[in-house]
Amino acid sequence: MSENILSVKNLVIHYETDEEVVEAVNNISFDLKKGEILGLVGETGAGKTTTALGIMGLLPTRVGHVIQGSIELDGENLLEKSPREMRKVRGKKISMIFQDPMTALNPVKTVGDQIAEVVLLHERCSRAEAMIRAQKMLAMVGIVPERYKDYPHQFSGGMKQRIVIAIALACEPELLIADEPTTALDVTIQAQILDMMRKLQKEHNTSMILITHDLGVVAEMCDHCAVMYAGELVEYGTVEDIFDNPQHPYTVALYKSIPSLDKDVDRLHVVPGMVTDPSNLPSGCSFSDRCDKKGDMCNKHEAPGIVDLGNGHLVKCLKYKPEVEEK
Amino acid sequence: MLKYILKRILYLIPILIGVSAIIFALKTVTPGDPARQILGNDATEEQVQEKRDELGLNDPVLVQYVNYVGGIVTRGDFGDSYRTGEPILTEILPRLLTSAKITLGAVMIGAIIGVLLGIISALKKYTWIDSVVLVISMFFQSVPEFVVALVLIMILAVKLHLLPATGITTWQGYIMPMLCIGLSAVAGYTRITRSSMLEVLGEDYIRTARAKGQSEKNITYHHALRNAMIPVAQSLGSNIGNAIGGGMVLETVFGVPGVGKYIVDAITQRNYPGVLGGALIIAIILTLINMIVDISFVLIDPRLKTTIISGGAKKMPKKMKAA
Amino acid sequence: MAKIHTPAMEKIEKRNAKRKKPVKSTPTTESWKRFKRNPTALLGLFVVCILILVAIFAPLIAPFDYQKQDYASMMQAPSMKHLFGTDQFGRDIFSRVIFGTRYSLVIALFCTIAAFFSGGLLGIIAGYFGGIADTIIMRIMDVFQSIPMIMMAMCIVAVLGNGIPQLVAAVMFASMPTMARSNRAAILRVRGSDYIESSEAIGVGQIRMIIKHMIPNAVGVMIIYFVGFLAVSIMMMSAMSYIGVGLSAPTPEWGLILNDGKAYLTSAPYMMLFPAMMIMITCFAFNLMGDGLRDAFDPRLK
């Protein structure tokens, strides 16, 4: 269980247009062990989806660029692979579930065809076999297999997300990236989908990156948790570390903004200010403008490095680098 | 499905009543006395009155209208030409065939080439190929067909003597009229295919297909194309309409004995039954073509099929209305 | 860990350094910025401006009276004296074409304004009020649309007779379905948007809603239709007068000049070449401009 399936190192991704350069992902590194679930948390625009697309090799062409870093899957650097080799990885080794199931399925193809497509692409089998597999997958995600010849518009949002999951798991990938898989769904359906995903993940021992901005979901599902802010990984650790002992001021602020049943508060705490504009990052620490523990050094010094607080709990904040403040 | 087709056919009736009403309204406000026009200036006032009775021109307008429509429905009687005295329908039918050959042929060929160019242009977005295709198609879409025709005649017929300037007595005569209609069809289809393709390629389900590891080629042809074809197919009806309209002038330029030239001649000769009868026949044909296009849609887009078969939507889906 | 600089960033920094002060960013300036970046659209705008200037200053530019017949110099090929040659009555074609710009543009403008005030208004009413009004108007438009636009216009002119008012009326009626449809779509798009719903929720009155919220937001699209329809009117007008309906001689409208030269296509092709060129250039320029405007106002469509 200790073997790393995915290892992202010093990844930097920029979006370049004629008008501006957006520094979407700034130098992030993390590892994912086999069979584990990593929660990727952060506000909208923090670079979570960009990271996922970067791993998939699906950054928007012409605009999205990986500037530096490496993404290793099973020890192979995905960034060095040719488009042709990447196509063999996508769908087979890594799959992705997208945010909005309403638009993620091709409206003019039957759902059976769409599941069978990925099977046909990656496995040697006949069309008929692929169709049988598609029906099995439908049954697995809790849809009557006979509906394989129905079209996407005949399903509800929750059902569509089940189909998207069926497509993602059809080739038993080693890594599943779920990009806010429940955000677009009703609350009641969210729990069902998450339960199903966890069950399937355990059964197949799939590693998973779960992107969300719902800390509750992370607490329930994940082993490790990474908090992103303005394209940086500000805190990383086990779910226990992050939840019981948050260290970065941003993580602390995020917790304060969660409604609690235990405490009786009139108003929820709000993280002050707006998400930092990633096309115009401040010097030094990106969070410094909104930080309530900001010191004199935070803007002057170069962006803070990562500090290991022991047993793999990483924090990116000057607070934990006393030698810098003394200088 | 059958029910839907039946519904579409029933839907024809109000449109045809409306079109015939417009044509009839134009007919009644037409200057000059038809009876006088038929008999000529030598006829006496009595003879004219007699003729008016015979033509039913002294009846109330509504009765005239009912008789007019009745004549069309029961006898295919669109009136007689002032010029030859022949029934309009007999004069138009053989010309219809000529026009159909040229127009439909050119639009079909143009559609195929245009769709191909549109796909290429969309796939080579922002390259010089895309820009060139875009500017050229814009040119042929914006310039009137008859002007293109005139320039083509000046170059190909007058200067180079490659093709006959007018007439379709030989097969070479068909080339230039079809080229003119075809060029504007190519232009229209290129542009609509390109923009539709670009829109579809940005959809989430294309990203899903990429995430499956599907190749770009298969994504283009299996996922994008069929979706992108929906607005393209929708434009077929209006494109044929435009081609018929443009064809009117083109047939005159090239001296092609088609319906368009017939109507134009009728206009200049003040042969009003010819003008209005011709327009009505064209309108009927266009309406039928549009109906066929609408029905064939249902075959492309499964979303429409369910709404139609289940009959869930009382009103027609929005996309259909736009057709 | 220092921030990473990429070539793309440097390029943008360099460009920003050149700019003196940041321009205030409003939807209009943004649109104009996008329009400026589009070379074909700028070319279209440039040609349209020249055409307008030519139309205004036609009497100063034209060397001869466009009506003056000079039997001493009939059917002359283009020369320094007669740039585009002369026609069968010895009239200077260059002068006729220059004055033709004035006639063609002004009549096209009348046609377009008339079309907007009839079909456009119907479309706005249908789109804004919806319901029965929408159904009735659009069904009627369906009926009108089953006759090709130019055929409809010709039928109407055939009945009404030749002349500028008749032509304008014919184009107006013929274009009604297209105009109604596109303006209705523009209003529907605005009407369905959330900001209209929210102003409805805070109780903005209907008239105020149309004037303050809907028209300003739909106006971009309507300008695009307006420019596009100018080209369509020129197209229809010239086609009709080429055939000999709509306008009558001696109006120096481009289609009519073509009609004059029809009989001499083989012997004196220059008589038709220049007016044909003018029609091509004008239609093309208006469309380039219209297309650029569309991209500028609605970048999503690009």
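First chain written, first letter: the chains are A, B and C, and each begins at residue 1.
Methods note: a residue touches a chain if its C-beta (ideal position, glycine included) is under 8 Å from a C-beta of that chain, and two chains touch if they have at least 3 such contacts.
According to UniProt, the chain labels map to these proteins: A = Peptide/nickel transport system ATP-binding protein; B, C = Peptide/nickel transport system permease protein.
In this text, all values refer to a predicted model and were calculated from it rather than measured experimentally.
K.L.:
Which chain has its C-alpha centroid at the greatest distance from the C-alpha centroid of chain B?
P.N.:
A
K.L.:
Once you count every C-beta pair in contact for both, which comes out on top, A-C or B-C?
P.N.:
When the contacts at A-C and B-C are counted, B-C has more.
K.L.:
Measuring from the mean C-alpha position of chain A to the mean C-alpha position of chain C, what distance in angstrom results?
P.N.:
50
K.L.:
From the C-alpha centre of chain B to that of chain C, how far is it in Å?
P.N.:
Taking the average C-alpha coordinate of chain B and of chain C, the gap between them is 23 Å.
K.L.:
Residues touching two or more other chains, restricted to chain B: which are they?
P.N.:
none
K.L.:
Mark out which residues of chain A touch at least two other chains, giving numbers and ranges.
P.N.:
In chain A, nothing touches at least two other chains.
K.L.:
Hey, which residues of chain C end up touching chain A in the complex?
P.N.:
1-4, 6, 8-9, 12
K.L.:
If we count contacts the way the header does, which residues on chain A are in touch with chain B in the complex?
P.N.:
Answer in residue numbers: 56, 58, 62, 86-92, 95-96, 98, 100, 103-109, 117-118, 121-122, 151, 153-154, 164, 167-168.
K.L.:
Quick one: which bits of chain A touch chain C in the complex? Just the residue numbers, please.
P.N.:
Touch residues, chain A against chain C: 12, 14, 16, 18-21, 23, 26-27, 65, 67-68, 281, 283, 302-303, 305.
K.L.:
Taking the complex as given, what residues does chain B use to touch chain A?
P.N.:
Going by the criterion above, the answer is residues 126, 203-205, 207-215, 223, 226-227, 300-303, 306.
K.L.:
So in the complex, which bits of chain B are touching chain C?
P.N.:
Interface residues on chain B, with respect to chain C: 14-15, 18-19, 22-23, 26, 29-31, 135, 138-139, 141-144, 146-148, 150-151, 153-154, 158-159, 165, 195, 241-242, 244-246, 248-249, 252, 263-264, 267-268, 270, 272, 275-276, 279, 282-283, 286-287, 290, 321-322.
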